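Shared between the two complexes below is chain A, which pairs with chain B and chain C, respectively.
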Partner chain A sequence: MTEGVQVSGSLRTRLAITLTGGAAVLAVLLFIVVRNYAAQIAQQGQDSILSASVTSILDAAVIRDGVVEIDFPYASFSMLSTPMDDRIFYAIYQDDTLLSGYGDLPRTSGTATRAYQGSPVRLVTASRVLIGANVRTRISVTVAQTQDALSGTLSRISRNVALFGAGFFALATLLSIWATATTIEPLKRLTTSVTRRGPQDLSPVAKPVPLEMVPLVASLNSLMARLGQSLKQSEDFIAEAAHRVRTPLATVRSYAEATLQRVDREENRQALRSMIRAIDESSRAAGQLLDHAMITFRADHLERDDLDLVDLLRELVLRLTPVAEMKDIDLHLQADGPVIINGDPILLQNALRNLIDNALKYAPGESVITIRVDAQPRVQVEIRDQGPGFPPDEIDGLTGRFSRGRNAAGTIGSGLGLTIAQDVAAAHGGTLALSNLPEGGACVTFSL
Partner chain B sequence: MPKKRERDPVKFLLVEDNADLAAAICSRMQLDGHVIDHADTIQDAIAFSETGEYDLILLDIMLPDGDGRTFLQRHRAGKRDTPVIVLTARSQVSDRISMLDLGADDYVTKPFDHEELQARCRAVLRRKSGTAQTVMQIGDVAFDPVAGHLTVAGEVVNLRNRELRLLELLFNAPGQILAKQKLVDRLFSYDEDVSENAVEVYIGRLRKHLDRSSLRITTLRGLGYRLDHD
Partner chain C sequence: MRYLFSVILCLWPLWTMAQDWEDRQVFQGTDASRTLRILSSTDTSFFEPIIASFLAKTPELSVEYLVIGTAEIDQRFRQAPDRYDVVISSAMDLQLKLANDGFARRLGGVAHPDWAQWRESLFAFTSEPAAIVVNRAAFEGQALPRTRQELIQALRARPDVFRGRLGTYDVRDSGLGYLFATQDARASETYWRLMEVMGSLGTRLYCCSGDMIDDLSDGTIAVAYNVLGSYASARQQTDGRIAVILPSDFPTTMMRTGFVSSQAQHPQDAARFVRHLISLQSDPVSKDSLPLPPLSTDSAGQSAIALEPALLTYLDGLKRQTFIKEWVSAIVQP
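Then we have the complex of A and B:
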């Protein structure tokens, strides 16, 4: 059912990609934000301890007898101890003169991160003006610490955040698959309900659909309504056309028949008979062409139903008996019991009618036509007559469209009867076989 | 020649809007000795069928004031059991089914063979036997063309279809000469290739049936046959 439809992407894929892509972007963003925030917090912690250390050293600085004295409090460095044994450096300057510590420690103001002795260190610098007797001097203290513990903590946090992000992504992906499925579901349900329809079912979709699908379903319904209307119109047109053509033909035929009863001259009678034959020929051809068109249309969409083949044939035989009686032909229906099959009753009726019609046309008067229905080994209808049989050399080509047997010359027909029967058999997965009976007469086997 | 003919002719109602076709059917029916009334609208058809007693209604489906099926429904709803044969221009099987469902007894597709229409009328009347009294009596022979049998001296003889149709033609025109070729046209369909001699077989059979009666079929060489009564 998908041939001839141009495909542009898939709603499902598009929706899934959008949802999981969004989830991935969110997960990465989450990772970056959480990690940066954690880094900032950790850095603030180190900075405040370093500041406290610097402040405690500055607090310990005094001027005694004009000389600066600093008695390092024990806590100044012990507060900086970390599980990673980060190294601590310091430098104390008095008005740009190194009093104590590492002279090569970079001099900065406030807080900063610098490389020192091959690893990044965090430096905090603060200064204080000391005023003694006649002395006024500025003490500047820098305390630095390597960042091993900090980066350890950070990488631990990063790992956890990454795991959390991945988990978030996985969950979001599952959710997006579920969301895609639930969103697509009404579309699938609509497709199924439209696909499962019979060919004649052009009723509007009645099941409730989501708001977004309403315009689609509304236009689908209006399309089906228009299609139904145009089908109805063409059916009416065919019926009207058939009526317009067949009624005058019927008039001509009735007049010709009535006139034939009154006319005595043989040449006039011959002309009237030819007229009647031509009318029969054209009306039969028109009927079979319409039937054939209908069968070609219906064969693609069989309207199957459980039916009793014997019942169907009994009705046909009843219907055709008056015609058979005119030639004193007996129609014998043989069956052992009901034969229930699944098929299109209208097509089967048409096909079997054509076969019995054929037998009636070719069988001689006061003969017997036997219609036998079998259920085993396969369902088949066999129609035997006592007519001339099929020409043996033409038997294979007779089911072709418009082909007629050589011995059909004197009989009215369009050559579509066997084609119709074969098409109907094929549409039901069956076959039509023609043969001649050893005792004479034709045998047509319609198998399903 | 003494001639005694007792028969209530079969009375038809034809509902057909095409005046030419209606005229052709009527003239043909009258030729066969039937009585036929013609209505060309559903309205007329309802009026006719309510006032007249008909044995059979021939109904066209497409009528100027509506669908013949409307008439069928009203006809059946009114508990009338006059049989109806539909004349349809359609050939689609489904349409035929719906007409039978609506209560038509049979149908013929236009253009139809008049002999086939007659055969179907006979079949329908036979199914509804008792509705029409159709026995024809000439001399000591009673002939019932609907039931398809002959009573000769109290003995019932069943007739085959062609014998029946041939005898009906003879009974409709006793004492008149019927040309052989005309009999062929009536007994055989137009696509059957038969010689005039084919009639002789059936004449022979009828003579056998009428053997012990007061009727005989006279051959007039070069002219045809005539039903005579002693």
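Then we have the complex of A and C:
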């Protein structure tokens, strides 16, 4: 089915990669943005507490008798307690001299992060001018805190956000798989509906398709319409041609026959016989062609009817009896009772006539042709003769168009009989099987 | 006892000789190859059974137990943190500052309540309230005061009985005394009124709870304020002359804490010792067999002074200056 088609990538893969790739990028972006945002907020929280601590110390600064006193509240430091027991450091400067605290604490302004005693600390510094009786001095306070609780919070947030991102990605992947499948689905449906069609079915796709597929389906429909059109035209042409050939041929044959009666010289009679034979040959071919074209045409839209197969065969046998009697052949119809099927009577008749016709043609005189109809296990008609059977090496190709066996050398025929029978069987969903009987003779099984 | 410990009286390197200790004892393990040096403010007698049970488990160690005051511990340890493996002190503020300044080693996986530890490096192992201890004779026929307020009233009611017969820590010398005083001052204004009253009657200042209790017993003083309850209760059992009162208005409860030096010579052994100490002190079974009061489990440390960096507040130079100035002006009256 797919051989000869050039493949360039897969829509499904491309769609899936685009969707999941997009989801992955989004997930990573989400992680980075949320994490940074959380980090910022957490840092702001620490900064504001540190600022509050600094402010409460600065507020406690007073000048008493020209000496700076800072009786800062217990809360200045107790507000800095964290669940991770972060370490705190502070330094209080009057102008540039250390009043108390950690003298080696880095001096910064505003907020900053520095390494101190081997770990990163956040420092907040603020200052205030004190004015005494005759002094004017600047007190600056730095409070610093390690970032254990902060980094604990951050890593917890990171883990949660990472989990969230991974969940988002997994969900998006599932969703993209589902979306891809549903997007591809109509394409698949169209493919199966086109693939499942019989070889003759050129009807337009009738089921609704998604908007994007409309141009494709429309051009497919129009292609099939044109194809059907041209097929029909050629069939019509053949039928017309065959018809046109057959009528004059019949006239020519009757003239030739009449002339044969009147001609006495042996060589002339011989020539006339060859002529009649050629005419028969052509007319048979034209007839078969016509039938074949008709069958090809009707195969698409069978005119089904409930009919009794046995009845149909009985009628056929009756009609062919004169021909059989000429060869002293006994046509033997075997059936256990009526076999009712639903089918196109004209086609079935045509097919079965061709099969019986073959048996009559290739079996020797004074023999028996058995036509057996079975309803179980499946409906089938079996036609056996006592002739030479099919040439074993050619048996597989005999159903092909215009294909004739070696044994058919002397008989008139076009090689379309089995083709017609097989096409009719196929149009009814059945098969045609050729075999040779062990006791000699051909056996054709036409099953529906 | 299955093992033997003895006091070694032999020559030690010069630096140990150069330092004078309140007490210094070596507990020899039966199979000792290393010596754990413990710097402590707690009297040896309180720690003897703990060290003994530790050595029973780890005979390959000896323990050198060095006793000195809390303020001294802070000074000596800061100078040479590599000389000591474990530091034990009742001055929570100084201990916390040491831990805050990076002198304490973090011990992972110690199952200890949050309120009784700081940074997994400083561990509390006792709960000891500050008590009012009185000489019963001085309150003959009088109700014993139950709160600071009642104590103030009692002092005011009979100033002649109490004049010159009051005692408390000298907060300038004693780290623990300073801790109790600052926490009291933080809790209530009553503290300052009490100090004023005590100051007006004349108060003796002490370095240690032991001395105060001694003077109470023989009647030199009638009331001691902010005595370590654990010491006083131990004495009360053998000495009927004193009574221990835990003030019911607000309790000030100290927790003894210990940590492993960040530069310990034997950090693993030191950690083992601290774990052993904690588990003994938190175990309700060993409660009665050990002389040290256990870590209280009921109150979940509610009433105890919180182990938090706020303890640094009163260690601040400016704060200390201000506080001492106020305290001195209250209690040391001409």
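Keep this in mind: the second predicted complex is superposed on the first by the 252 of 448 C-alpha atoms of A that agree within 3 Å, B and C clash if a C-alpha of one lies under 4 Å from a C-alpha of the other, contacts with A are read in each partner's own complex, and residues count from 1 in each chain.
Just so it is clear, a contact is a pair of C-beta atoms (placed from the backbone, for glycine too) under 8 Å apart; a residue touches a chain by one contact, two chains touch by 3 or more.
Keep in mind that this is a model prediction, so the values were computed, not measured.
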So, A:D264: does it touch chain B (first), chain C (second), both, or neither?
first
Is A:G429 in contact with chain B, with chain C, with both, or with neither (first, second, both, neither)?
neither
More chain A residues touched by chain B or by chain C?
B
For A:I88, decide between first (touching chain B), second (touching chain C), both and neither.
second
Partner chain(s) touched by A:Y74 [first = chain B, second = chain C, both, neither]:
second
Between chain B and chain C, whom does A:S100 touch in the aligned arrangement: first, second, both, or neither?
second
Contact-wise, after the overlay, does A:Q117 reach chain B, chain C, both or neither (first, second, both, neither)?
second
Just checking: does A:G9 make contact with chain B only, chain C only, both, or neither of them? Give me first, second, both or neither.
neither
Same chain A residues contacting chain B and chain C, which ones?
none
Can you tell me which positions in chain C touch chain A when the two form their complex?
100-102, 118-120, 186, 306, 308-313, 316-319, 321-322
Please give the residue numbers of chain A that touch chain B in the complex, ascending.
239-240, 242-243, 245-255, 257-258, 260-261, 264, 266, 269, 273, 276-277, 279-280, 283, 286-287, 290-291, 294, 319, 321-323, 325-328, 346, 349-350, 353, 361, 365-366, 410-412
Chain C partner contacts - residues on chain A that touch it in the complex
68-78, 80-81, 84-90, 92, 99-101, 117-118
Chain B residues touching chain A in their complex are 18, 20-21, 24-25, 27-28, 31, 62, 87, 89-95, 97, 106, 109-116, 119-120, 122-123, 160-162, 165, 179, 181-182, 185-186, 188-193
